[in-house]
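Across the two complexes that follow, chain A remains constant while its partner is chain B and subsequently chain C.
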Partner chain A sequence: MFKAKVKMEVLRELVEVISTLVSEVKLSVSKDGIDVKAVDPSHVAMLVLKLNRSAFEEFTGETTDIGLDIEKVKEVLRLSKPGDVLDLQYDGGKSKLVVSVGKLTRHMGVVDPAGITDPKVPNVSPPGTVKVNTEELRQGIRGSESVSDHVTLELTPDHFTMHSEGETDRVDLKIPKDALSELSTKESVKSMYPLDFFSNMIKSISNDEVVTLHIGNEYPLKVEFKIAGGKGEGSFLLAPRVEED
Partner chain B sequence: MKGPAHPRPRAVLKAAASDPCVVEHSPSLRDGRPLTERVRPGSLTDMVGNPEAISELKRWATSWQSSHGSPRLRAVVLSGPPGVGKTTAAVALAHDMGWGLVEMNASDARNRFAIEQVAGRAALTNAFSLTGELLSAKRGQRTLILLDEADCLFSRGVESNETEARAPPSFREFLRTRYGNVESLAVAWGLGGAGAPSKFTDWAEIPSSGGRSKAFRLPAAQRDLADWNETKVRPDLTDRGGLGAIAKLVRETRQPIVLTVNDPKVLTRYSPIFRSGVARIPFWPVRDEDLKSVVRRVALTQRLQVSTAAAEAIVHRSRGDLRAALNDLDAISPLPPGGAQELLLGARDVTSDFFDLTREILDSPRVFRSVEIRNRLDATPDDLLPWMEENLPRATRDPATRLAAYQPLAEADQLLSRARRFRTFGLWSYASELMSGGVSIALAQGGGHAPDRIAFPQFLGDMGRARTVRALRSSILSKAGRMLHISRRKAVDTALPFLAVAFRAGPARGAHRRGTELARRLTAALELSAEEVAYLTGGAPDDARVQGLLEPSEQTAQVPRPEEPSTAPAGPAEESAPPPGAPPAGDAPPGPKKSQRRLGDY
Partner chain C sequence: MLTVTPAPALPGVSPLNGLTWSIPGLRDDPSLCLRCRAAQGLCGKPVCPILIKYDAFARTLPMLDGTELDGSCPPGVFVGRVGYPRVSIGPLVSPLHGDTLLYDTPEQWVGRSVQEVVGFRTGLVRGKHPVRVTDAEKPTRMIEEIQLLSRARESAEVDVKFSRPPRGHLSLSDSLPPYGPSAPLQQITLDVRRVDERVDRLASDTDALASVAVEELYTRRVPVSRIQRAFSAGTLGRRGRRKFVPTRWSITAVDDLLGKQNLDRVRLLPELSEILLWRLTALDNRWIVAFLPGTFRYESIEAWYPNTLWNPSPDRLVVMGDHEGFRGRTTYASIGGCYYAARLAVSEAQLRMGRQGGAVVLREVHPGEVLPLGVWNVREHVRAALSTPPLHVADLLELDARISETFVIPLDRWRSSSALLHEARTQRRLEQFAAD
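== the complex of A and B ==
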């Protein structure tokens, strides 16, 4: 059983983050809120996310899993306007998820959660940590998009760089340590990642002003972020590109 | 073959085992999954049949471990008939090697985009395993990319060419096809009346994606906009461009790839990379002894009651298809062992019946068999005719007997043709009688008898092999026909020869370049696919020349649509046909063609 009222903006944020990786997702409801774990079909990126009950206007939940088709939720969101409060209700099992916004009610068929991949999330702790302004990252991404499919993130004790190299061109975004609110690494580390994933991830969380990136040497990237104004938090994991030797 | 351990209620099991008549339908026992899933081997060592193929597959996988970086052959093509374990081997390989697995099945959308998105990303990147580890290629932890039934991509692509819309049309195009001219549009939307927005005088006034002016807010316009949006968002689930994406994947991948196919020719015909750039491992039908032991073992471990005769029938029917054998076993196991099981298995099996039936007909001279034929074959007498035709001359060496036997067969052929043309299927029974009784009696009188081996009709084999090529040809013909306003059949004589000349590689000088430019413009105007261009040039769809022709040339892109198609098809006749002034009378006259295009456009 799950019953909640949620602001349209919060649900939209949640949906945007999830839809960067998957089109169907399993929401694990508990009495404390909602947990999400997802892996994209190519097993390159993962998402772990927790939305506390305080992010909702009202929330009652018993432990249950809901399999959701993200596209359907987006359709409902398109029908609502900023400031609306959506009413969600799910009785468990094969029943439908009832979503109401204003006078409109949609009885949404759910997906069998057993059919959705439920990944175990690896314990990843990259050695370098940096906090970067999302706006600056987005500028770097926009610059890289026309140059290459991949982006290299590098962290040295005194600056963070993001660069991307194509056949003829190269784009660098270099931020020195004093312009960053936090930078900690003992040694220089760098890894190369698929740009489209990185770009979609950063775009989906740009409501958060500052994101925390954890970087290692040819190691997965961990992007930590907050959603719903700090009432939820999550992290993306992104596997590095295979380096040929 | 070990079954994965699945908890089963003991008590129920005992009851089922002691009383063979208990129908095992309870889902708790059969747990809803088909037998083939329940006993699918998890490791290569548990696989049955094809030992050479499996050890070769292992060797290939080891080449990823031993060398630093990727080996030369980074993809492997497992080819073979259905149900012999290609996919199972690939999944088991990933398990044995401790690799991750990214799978794309025929049920997924596998067009170019989807393949690039899923397999393409996985091919260049490390991945996470679903058990919570990072798989690092550096440390030999690879991710196996499995493209199942990769040969099914192609034929679907070709078939869809004809019916399917290309890029989504602009709103203007959409309206133009819906209304034909601006006047009908004005009527439909109620434009030009008192208080209504004014009419459009030209299609060009309508923006390509709908506008903000008053006219577009009319209810009728809104409906059209909604319909147009509908056509736009429909996801493309066909496999177009899939093979091209796979070829690219094979070239660039840094992770191991397994492709499974029934017919490897579909791939090798498409691109030489599938010949020299991949390891090729054939799988063969599983031997009868192996099948027998599997059926016995599975029946034992899964507590299925099967009579010996039924087990043998299963093996015989499966013809080396292990999956089919297990499915049969699954199907009959709820029945009590004995007659009922065999009866169910005795249900007809089309191909085998063709072999048996042909032999029987040639050997037993009697008539009144049309009903029997109809009952035993899940096919029409049309399908039986090639079998008789193929095997009749092998039944006797005596020319006079052959003649006598061919006589009724020829008459049967005539009747069949009449039945087809005039939809008088009552004639089928006469045709059946003639080709069975008539032929066999003539043979018996001349001392002929069925050959030792009944041969599969060569004609059907050839047709089957040529199917892809014929589909390509017919798709080219319909595209050319649409442009020239002629039928496909007519395009065979009037368009195809000229297209062939235009696409043939010329001498590598000035004339050649002009020829190439012409071919490129034709490619763009007819919207030919890579496979179709390859058919016309006689090359492979991904060789440099074909790809070159597919690239839009500057000129083509900028020439406005109405002029370009009308000059292009006329081109080959004027430019490349050697006898001057040779446009044959059969060709569509250029005059009306031009004016039709113009009217349609503006």
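== the complex of A and C ==
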């Protein structure tokens, strides 16, 4: 059983982050909140996220899984306006998720959670860590998008760079250590990543001003961020592209 | 994605002077013609210089001096695009009698030569009747007769009166098969003996959306060319919403719609776990289709030799391609209708084998493709290639070797042009790090 009231903005943040990777998701409800694990169909990117019960206006939950079609949730969000509080109720099993906003109620058919991939989260710990302003990253991404379809992130003991190279052009975003709130790495590390995934990830993190990037050498990227004003947190994993032989 | 480089010499073909001199802007932008394909007027000339080059074909057309023609309609119905939304609709009529079905059925043209295909088409006279595209539900006699033709299952005997003798050229475009002279239509009498009852049923279903009707006809195995004809003639769709659709646009609209609908099912299939390869040479085009392990994604690349149809440059090779990921694309592909035609063929093959995977279609166009024949060339040849048994390829290195031995254009050029092959070589998956 699950019953909650949630601000439209919080649900929208959650949906935006999830929809960068999948169109169907399993929400794991417990008495402490909601957990999400999702992997994109090509197994290149993954999301692990926790939304605490304090992110909700009201929250009562027993351990249960809800399989959701993200597009349907987006449809309900489009019917609501900023400041609205949505009422969610699910009785388990094959019953519907009842979503109410104002005088409108949608009885939403759920997806069997057994049919949704439950990803094994690889235990990766990239050696370098940097905290970067989200807006600056977005600018770098916009600059890269017209140049190439991949992006290289590099961390040295004194700066963070993001660069993208096409056949004729190259775009660099370089931020020195003193302009970053945190940079820690013993040695220089560098990996290349698919730009579309990286771009969608960073763009989906709409309300966190600073994200933490963990970078290694030809190693998965870990992006840590907060949602719901710090009442939830998540991380994306993204597999690297390697240089050609 | 587009690149231009000097081309390696093609054995047995002596270099010709290209049309570079007569096409403004082509020197600076060698892909100009390839992007335009006589459809957009990018060089600023009122008539496409490349098509003028083929005027010789026009002069060999049989002359029709009278204003009356009795013959056979394959059936073929043509909707023009000039003047949209005021366009010309009308039948394609052959002076021959009897079964001319083959003349407007591209599905049956695989394995034939350019000369043969042009031969079928040159005799087809196009009647023109002016309409607004929204007149599709106006029951004038002329419109009803033309729409009846679009539902016909076999050739119909036709008697047409024109207001002047048919004149004009062999009409050529990149997306349409060629056709002969045209004249304004005054009167039409026809004897349609058999309509396609599947098309007929959906034509009378005024509640079904055009997209639903198209899908249903396809599921009932109506040939794509016939679906496209009915769609173009404004006989499908909801009451009050039916329109005539220019033939050129309707071909790609139907290819795109059917491809998307197939892919919704492809994306649910288990993933392919090996590399499969098909090859075909037809009409001086060399084709490779490769399926890659993993989820669905698709890429189509065309490499145009110098002095080929849309690459009039005397010495430079132009390579153009587009791709989409698992979730598809939202913008129109730069290579145009060919992209969607090949995607339909790919989606059909993956449904047939019950596996989804990456798909790369590579096409090397040699100077023997002397006339534009329409996108059927792409759809039907990719279909033909995919209906043969595949070659099982061990790994990406062997795939490189196969590409190399099939094409004249060096492997490096293909490797640097293909986003999907690059991704396959370089992208890692998360589980490869799970053991760490």
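One rule holds for everything that comes next: the second predicted complex is superposed on the first by the 244 of 245 C-alpha atoms of A that agree within 3 Å, B and C clash if a C-alpha of one lies under 4 Å from a C-alpha of the other, contacts with A are read in each partner's own complex, and residues count from 1 in each chain.
Rule of thumb we're sticking to: a residue touches a chain if its C-beta (ideal position, glycine included) is under 8 Å from a C-beta of that chain, and two chains touch if they have at least 3 such contacts.
All values derive from a computational prediction rather than experimental measurement.
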item	value
Combined model on chain A where chain B meets chain C, clash or fit	clash
Touching partner for A:P157 - first (chain B), second (chain C), both, neither	neither
Partner chain in contact with A:E167 - chain B first, chain C second, else both or neither	second
Partner chain(s) touched by A:K120 [first = chain B, second = chain C, both, neither]	both
Touched partner set for A:P220, first chain B, second chain C, both or neither	both
Which of chain B and chain C A:V39 touches, first, second, both or neither	both
Which of chain B and chain C A:P176 touches, first, second, both or neither	neither
Touching partner for A:A239 - first (chain B), second (chain C), both, neither	both
Interface residues of chain A shared between complexes with chain B and chain C	39, 41-44, 46, 120, 122-124, 194, 218-220, 237, 239-244
Chain A to chain C touching residues, read off their complex	39-46, 120, 122-124, 149, 167, 192, 194, 196, 218-220, 237, 239-244
Chain B-facing residues of chain A, complex	39, 41-44, 46, 117-124, 193-194, 197, 218-220, 237, 239-245
Complex interface listing, chain B residues touching chain A	68-70, 100, 102, 117-122, 124-138, 143, 254-255
In the complex with chain A, residue positions of chain C that touch it	3, 267, 294-295, 325-326, 416, 419, 422-423, 425-434, 436
